[in-house]
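Both complexes below contain chain A, partnered by chain B and then by chain C.
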Partner chain A sequence: MYLYTTILFVIMVASFVICSRKLKSPEISMAITGVVGALVAYFMYLGGEYQIDFPVRILVEGLFTNFDLAISFVCASVFVNLYSYSGAMTAVTRKLVGTFDNKWILLTFMAAFMLVPGALTGAGSISVFVLGGLVATVVRYMGLSDRKTTAFVFIFAILSAACPPINLWTMMMTAQCNMPYVGFTKLLALPIAIVGIFTIIYLGWGSKREPKEKILAELPEAPEKMNMLRILLPLVVVIGLILLTLYAPFDVPVIGLPLTFIIGSFIVVLCNPVKRTFKEYFKVVNDTMEQVFPLVATVLSVGVLQSSMTQIGVKGLIGVTFITLPLVMLYVTVLLFGPFAQGCLSYGSAIIIGAPLVFMFNTRGMDTTVVCAALSLMFPIGDCLPPSRITGRLTCETVGYQGSYMSFLKQIAIPCALLGALALVMFITPGTFTFLK
Partner chain B sequence: MSNETTAKAPVAFKTKVILLIIMAIIAFFAGKEFWELRHYKETFVASEDLTQVKWLSDYLPSLKGTWADTPIYVFDSGVEGGSVFVMGNVHPYEPASSITTYVMLENIHVTTGKVFIMPQGNFSGSTMGSIGGAYPKYVHIETEWGEKTYKIGSRESNPLDQWPDPFTYVHYPDGQNLAYQDIRNMNRTYPGREDGTLTERAAYAVMEFIRREKIDISIDIHEASIMYPVVGTYVAPDSSIDIAMMAAMTLSDSVFDMKCEASPKSLKGLSHREWGDYSDTLAFLMETPEPFIDRITGPITENLMLYGMDEFLVKAAEKGLVYVDYPVSYWGVEGEPMWYRVGRHLSGALEAINWTGLFYDDKAVEVTWPTYDDLAENGLGYYLHDPALAENIDRVQVVYHKPVSVNN
Partner chain C sequence: MLVFWGDLVHYLYFVIAGIIAFFLVKNLFKREKRNGLVYDIVYAYCIIPFVLRILFIK
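Up next is the complex of A and B:
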């Protein structure tokens, strides 16, 4: 089985590399890689003890792995683009720049804003969608370069995903391991606070804020009748619905994130001080679909790839190779395997790599709550890694970063390394951190 | 990055049409398979002791007509005694649990008390494969008269029946946060809500059933991955832990290794916790080893489901990462074959029932069905009867989410 799955793994890697070069499309490359792997495996295993089903249903099923995420992306984008179209985003930016004179205070506010949507939904990509554009605009005016601005948005997006109360990696690991999802708040919050503060200083150091008057002169004017009610109501409704789901779940129906953003979009339209035609709004929605389509294609393709890897045993090969390493090697390589698994498997990394490790450390008498938290801080780093690189890619597109992806990776390397180092210390010496439970 | 996606030449209309046709063909064949699994009807030849068929919706009418409704088969001896409830397939990706109940349903003989058997605890979850799990649709059991086919479902209810998920699931009534997909995991939604989601309502209906029928002994049958510590075990709350311990010791001493775990008080929504907390029943959950659902296996095949032999798991076992004797058990069984898993459950349930009778006279139920030793000797298929035989035709039951006859 090792031989077969290793051959398949090599074929899939080769297929992905060749397709990426020829087609220049990571999403189509992932889908093709999934199909190639499944078809080669089908014929390789045919008639033998590992014979698998013909993979049509499995590949289509894979499209639905991240279906909810894809719909959430579409709906969140519609909401944000309508919000920007109404002029509310410009008004918010003008208010923030006009109110706060101090660069550090404004950067801290932007960081805190970024943390909220991801912390409440568990998805850093939602933070990027909802606030990435606004935060990027303000941060740029604080004198940060495009590359640093992109790094700022990305780092706080991944921190928001790891931030309590909702950390999906932890939740998935605890669900797999039948552990209660309790005791994680301080364990997650403290490293996030340390990395967050460091990131603000690291990226903000040396940048020079332009004079307030100059910034305001450069910013477009907000619509005349745009007032605080019109600015805040859509945000209050969306955040309010999210908070209701969390804190009054038995009094409201489950509407999910997509409908939450759709409701928010209607509120945006109602609050728009400028009367717009249906055709104009339709164009915004249509443009949004064009804009978000590559990302939707990415998350759907990741699902196809994952299903294929699961069916043919390549996922198992990756998992067993890592978790059967000697303990020392495991400590040495966890910061590679964890983020790499996230790049390949998205949240599946928590189930395939995370849960077996938690069991393993449990048998060694180590504190599994701390181990879980440590892994949950490592996985988000992989959100910038291929093949999926969902949050990394989304950040570059939202911020409009024109540089190479590699230059973006270099910029985020130090904050990511700090996050990884803190997580590694927790992972190796979980007993030291039990006071945070 | 953005340049990669924006600088491409537009795709020609003809290419688009060709791609669309290819996609339509793929969608047709995949859709056909989805439809088959969604509507597949399992059957069994009921034991002559069957006295009544009830429905989960009898205990919560809002379930009627939904895909969460499911039959409950009643075997009443007519002799005063205790009552037993056996539930399979709460997690339909653990088919040894439903197959165990089918062996019971086909071969049960009750002489004291009542037995209630629900083969498809979460019917909705049995109508789809696990998304991303790449499961085969069916598992086939060989018998002397041909193959018997059973579904391999999902861990959660079908999103066609309950969607969307929230971004986090808050357990009722404790308010504990759980992973978002657990809102469709029936074994995280007890004690359920009368006006909640479909899965919460199904869980509530099970609680109502246990309360109204005054069930003395409730047994929830599961399977577990072998890298999960709670495997090959009973899990029981304080009220039934002594009985479970005695049953486990008896089995371990004579038949197969069986552990016993106390139900954690802080973990909400599970049957072994909430059934006992929200009713007077003595609750037992049983787990048997199912390598198929481990996360680091090789190719996902029907053979893996049937025989449970996997090279990657052997490697994990060598490193001490699994919680059962693997690949060869202390008793000499290779892998984790289906007959072995079903046999464990059959004897495990019987032992829990017998020990309850010894602890409490008024809860005694006298019941027989094939045991582990029987399956070891004759195989699993031996106890699944031919529905085509003339003497069996009238006793064939169809397990679906609504009453249907054999010919439908």
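Up next is the complex of A and C:
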């Protein structure tokens, strides 16, 4: 059985490499890999004691694995894009630039801004989509080079993905391990704050800011009637609904994140000072769908891959191999395998590597909440690694970075190393961090 | 009362799935970015779960 599963694993890896090279789409490569693995296993086991379903069923069932996640992505992106379209983001940025004449304060605000969309949606690419361009403009005026600006946007994008309340890696691992998604807020927020502060200082050091007037002249104009009530009300409603379901679960119906964002979107439309037509909003939603589609396709394709790997035993093979590794080897390799798995499997890394590790640490009596948090801080680093490199690729495109991808990787290496080091310390000594739960 | 609201939310999710399916089908035939055949296939299989959901099949 081990031999057969290993052969299947090798076939799947080969299939993924070939598809990624030929088709240039990580989404379809993952789906094809899943189907190829299942198809080979179907014929391999045909007539034997152990039989698996025909791949069509695996494909369809796999598409439903992360279906709810895909809906959350779409709804959150619609909310964030409508909010940005109303001019609220521009208004806040103009106010900040006009009010604060200090480079460090502005960089801090831009960093905090970048964290919000990703923290609410769980996807760093949403932060890049929505605020990447705007933040890059302001950060450039602070005197940062193009390379440093791209690194700034990328680092805060991956930090936003790991930032609570929505951390998808943690959510997937906890769902897989039958753990409650509770106690992660401080565990995730503290390392993110440390890396964030370090990144601001590291990238902002030695740069010279442009005059305030020049920045304001180049930023887009905010709508005239945009006031604090219109800016804050949609956010207050969304955050309020999330908190209500958390703190009064027996008094309110289970709304769920997607519907919360849809309600927030209606509030955004009501609060928009410029009255827009239905056609204009339709275009925004349509553009959002196109924008967010690679992410939706990725999570759905990862589902197919997961379903196939589960059915044919490859997931178990990887899990067992990890569990049987000596602990020291695990500590040495996790910082390499974690991010690379993220680069290959996107959010599937949490299921394929994360969940078996959490089970393993649970059997050793270690604090699984801290381990889970540590792993979900390691995975985002892989967002810049091939083959998928969604956030890295997107950041370079949004910021308009003309340099080589390697030079971008060099620029982000130190903040990423710090994030990895903090996560590794949490991973090795989970007991030390239980006070943050 | 909570049961009523719960049912309403349940059906609203079918409506959301339907709206997303509509946009995916629209973008399958007419879109500005990622126009190749590869993404035609990706769009096609990504529509499947949304259509199955609105048909109450899964």
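Assume the second predicted complex is superposed on the first by the 259 of 437 C-alpha atoms of A that agree within 3 Å, B and C clash if a C-alpha of one lies under 4 Å from a C-alpha of the other, contacts with A are read in each partner's own complex, and residues count from 1 in each chain.
Keep this in mind: a residue touches a chain if its C-beta (ideal position, glycine included) is under 8 Å from a C-beta of that chain, and two chains touch if they have at least 3 such contacts.
Nothing here was measured: the structure is a model prediction, and the numbers come from that model.
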Q: Give one of first, second, both or neither to describe whether A:420 is in contact with chain B, with chain C, with both, or with none.
A: neither
Q: Look at A:24 in the shared chain and tell me whether it touches chain B only, chain C only, both, or neither; answer first, second, both or neither.
A: both
Q. Counting only touches as set out at the top, which of chain B and chain C does A:285 meet: first, second, both, neither?
A. second
Q.
With both complexes superposed on chain A, which partner does A:64 reach: first (chain B), second (chain C), both or neither?
A. both
Q) A:178 contacts which: chain B (first), chain C (second), both, neither? A) first
Q. Does chain B (first) or chain C (second) touch A:168, or do both, or does neither?
A. first
Q) Looking at the overlay, what does A:259 touch: chain B (first), chain C (second), both, or neither? A) both
Q: Considering only the touch criterion stated at the top, classify A:296 as touching first (chain B), second (chain C), both, or neither.
A: second
Q: See if chain A has more residues touched by chain B or by chain C, and give me that chain.
A: B
Q) Considering each complex separately, which residues of chain A are in contact with chain B in the first and with chain C in the second? A) 24-25, 59-60, 64, 254-256, 258-259, 294
(Q) Which residues of chain B touch chain A once you look at their complex with the stated criterion? (A) 1-5, 7-8, 26-27, 29-31, 33-34, 129, 131-134, 136-137, 163-168, 170, 172-173, 175-183, 188, 193, 196-197, 227-230, 264, 266-268, 270, 295-301, 303, 310-313, 315-316, 318-321
Q.
Under the definition above, what is the set of chain A residues touching chain C in their complex?
A. 23-25, 27-28, 31, 59-60, 63-64, 67, 70-71, 74-75, 252-256, 258-259, 262, 285-286, 289-290, 293-294, 296-297, 300-301
Q | Complex contact set, residues of chain C against chain A | A | 2, 5-6, 8-9, 12-13, 16-17, 20, 23-24, 26-27, 31-34, 38-39, 41-43, 45-46, 48-49, 52-53, 58
Q. For the complex, which residues does chain A have touching chain B?
A. 1-2, 4-5, 24-26, 41, 45, 49-53, 56-62, 64-65, 68, 120-123, 165-166, 168, 171-172, 174-182, 242, 245-246, 249-250, 254-259, 294, 303, 306-308, 310-313, 315-317, 319-320, 323-324, 348, 351-352, 355-356, 359-360, 362-363, 392-393, 396-397, 400-402, 405, 408
